[in-house]
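Just so it is clear, A, B and C label the chains in written order, and each chain counts residues from 1 on its own.
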Amino acid sequence: MNPNPLQFRDPERGAALLRRLERAVDRAVARLGGPVSVMHVCGSHEQAIARYGLRARLPAGLDLRMGPGCPVCVTDAPEIDAAVALARSGLPVLTYGDMLRVPGTEMSLEDARAAGARVEVLYAATQAVEIARGTPGPVVFFATGFETTAVTTAALLLAEPPPPENLFVLSAHKWVPAAMEIVASDRRSRIAGYLAAGHAATITGFGLFEPFVARHGKPVVVAGFEPLDILAGLALLVEQIADGVARVENAFPRCVSHEGNQRALAALHRVFDTDVGEWRGIARVPDGNLRLRAAFAHRDAAVRFADRLAAAPAPTARANADDCICGAIMSGRADPADCPLFGRACRPDTPVGACMVSTEGACRIWLEHGP
Amino acid sequence: MTDRPPFAETHVRLAHGAGGPAMRALIDAVFLGQTRDPAALARADAACLPFGDGFLVITTDAHVVSPPEFPGGDIGRLSICGVVNDLAMAGACDVAALTSCVVLEEGFPLETLRRLHASVERACAEAGAGARVVAGDTKVMRRGELDGVIFSTTGVAFANRVVRDDGLRPGDALLITGTIGDHGLTVLSARHGLGLEGELRSDVAPLNGLVKVALAAGGAQVHAMKDPTRGGVTGALTEMAEKAGVAVRLREAALPMTAAARAAAELLGIDPLIVANEGKALIAVAPEAAGTVLAALRAHPLGHAAAHIGEVVAGPAGELLLDTGFGTRRLVSRDADPLPRIC
Amino acid sequence: MCLGVPGQVQSVDGNTAVVDFFGVRRAVCLDLIEEPERPLVAGEHVLVHVGFAIRRIEPEDLEETLAFFASMSSEDLEGLTPPKPT
């Protein structure tokens, strides 16, 4: 018996789960007197939903929204501009592939590379150490991603023996629960329940959501990323809504426990502190960003190369930026089709908002895979 | 299909070489601009010129791949197979002659060049008697002006009957001659130093022998062929369907993949349908001949994993839908080279 | 949010393990695995993200998930074939 993903992709079992979801949706729609809106806060959930074409098979009464759960979607231009400024100043910048094409005020990291800067794509944080070891001068790791990825950056910096002295971190890590708080506190939001991301909860544990449920009275179900995981998670979530109850349920027991990975959390809190963040489209998110603590200032590229960061362009408004409604789409108050730029000024090769940049962005997926 | 904005670009971008819509837009706007030559306008991988009572089939290809050597192949083998396969996709399975131009960066190790040339010769031997390099050229560029080496190869063949890549007809069965994604995922793993070990190997191989077998079995009922290189199965099928003005339906459960390629795609977060294949062909065949052609393919060493993966249907030109078993996904040809994803 | 992939530990050497992802193998860092005092052994399963093992997938948790699916959809099975054991 092993966790081979293929066993969680049995279409017959999926069809059975869909029937159960349909029954739950009918009850919830009857109780609410209209369609039931639920939100998932994870780019990888949206990717899996698109990859398996689930959206088309979901019951009509279920409105499944993608919230601010994809780091590429929410990383704002100033953070890209910082990485671009360091790269253009001659420092090698290492980045995950997801961030290479995210537009900054003037250019993306891929554009900087095309203009001669050394920008390399990483697959694992450990590669940053190897590259730093093989590079004479300072190297900057543009560390992005939510808590699941932030703990690996923390582990890198806490490693024994420590990474080479020339490795610096420019942190653009983020903390998703902070964004869920913003969305849930928005009175205009019609979201009746939340599907929480399984791999982030592997780190934080599902206990983290209990105060959230107590505060907002909306159910939270933690789900995995295989089609069966998503369908099961949605069924449990909508059943709670239909029953008028709100609690945290763990639909991903193979990876998520109540307390999560305490060792990883300890590393995270030793290296990072939360900070107010400007997330693309959602604006201020208190405690949304993860900043290196003072004890790691010697590793912090934002401290060590503050002078070069001053060269980053002032965050002026980007062309069409004011028409971009990524924030409303992410918070469940609008659809990509409601955006005047969607599919016209804002296309995959000419993205305005980050939801079009990321292959998991709601707008990109709607344009390419249909609503 | 989404509307294509007029070509108003001022500089070349990486996307213009990625085998997707941006590349096709560049070719249409810059290279095909005013020409009325039907052979060029066919935009086929190989041009078929009437010659005597048959056709002279000619094609050319330039290969730049980093790293130049990777599990299962190298740029030398790729430069021969790419051209042999484009000729074969047009039905020209007996190569008449090949030329090879090699552009090298100053400082390129000669030991590597010797290995690459030996690999060229092995690939020629595998591709049959006529496949031999009869002419060529060598140039060297200053260090840093070129990333290692470029191989540019031209191939010529004669054929009595040619198969085009725009011959898809509603009702045709779509076959693929083997597993999907092997080459692209292998090169990506090597390029990004991902340290993946296991049976992940490129599939680069000359397909003229395999195609000869398929044509012998299906004859005129083989309506179209194309090798899904740059842009992958999605790119190739989109182009074939657009040219023929038809749509395509695929079944995910029928897509053959090795366990290694499937695992690598999961790990890297990359869709195996958009990465290059260098030893596979997509074949559209009349439904009544599908069984015979499939059996013929599977009897050949390079076709043992051949599979019937979908159907051509009447529908919007270029529309590609994949039945995932859980729903339907629209497959879209991408401009950008796939990158490993972490989220 | 974060691409995590399950795999089986093939061998362990200090804080690194070679993990097989049902077709390819890769070295993985163990600095984030819970209960470091109970060393990871070959045959165990882990969840891996950007080169780090971030979770030990315990056999009983796995059974719980599969039982969870079985119970979830039993009412709707209506003649569907039982799941194929892997």
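What we mean here is this: a contact is a pair of C-beta atoms (placed from the backbone, for glycine too) under 8 Å apart; a residue touches a chain by one contact, two chains touch by 3 or more.
For clarity, every value in this text was computed on a predicted model and none was experimentally measured.
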Innermost chain, taking as reference the mean of every protein Cα atom displayed: A
Of B-C and A-B, pair with higher C-beta contact tally: A-B
Subunit A-subunit C separation of Cα centroids, rounded to whole Å: 22
Centroid distance [mean C-alpha coordinates] between subunit C and subunit B, Å: 36
Subunit B: positions in contact with at least two other chains: 194, 266, 269, 341-343
Multi-chain contact residues (two or more partners), subunit A: 5, 43-44, 70-71, 96, 123-124, 127, 145-146, 148-149
Residue numbers of subunit C (touch at least two other chains): 1-3, 5, 22, 49-50
Footprint of subunit A on subunit C - complex, ascending: 1-6, 8, 22, 29, 31-34, 36, 45, 47, 49-52, 54-55, 57, 59, 61-66, 68-69, 72-73, 75-78, 80-81, 83-84, 86
In the complex with subunit A, residue positions of subunit B that touch it: 2, 5, 13-15, 22, 192-194, 253, 266, 268-269, 271, 322-330, 332, 334-336, 339-343
Touch list for subunit A against partner subunit C, complex: 1-8, 10, 12-13, 15-17, 19-20, 41-45, 69-71, 96, 123-127, 145-146, 148-149, 151-152, 155, 158-159, 176, 197-200, 202-203, 225, 228, 232, 235, 251-255, 261-264, 267
Residues on subunit B engaged by subunit C in the complex (per definition of touch): 194-200, 258-264, 266-267, 269, 341-343
Subunit A - residues contacting subunit B, complex: 5, 9, 11, 14, 43-44, 47, 50-57, 70-72, 96-98, 100-101, 110, 114, 121-124, 127, 130, 145-146, 148-149, 227, 343, 347-349, 359-360, 367-370
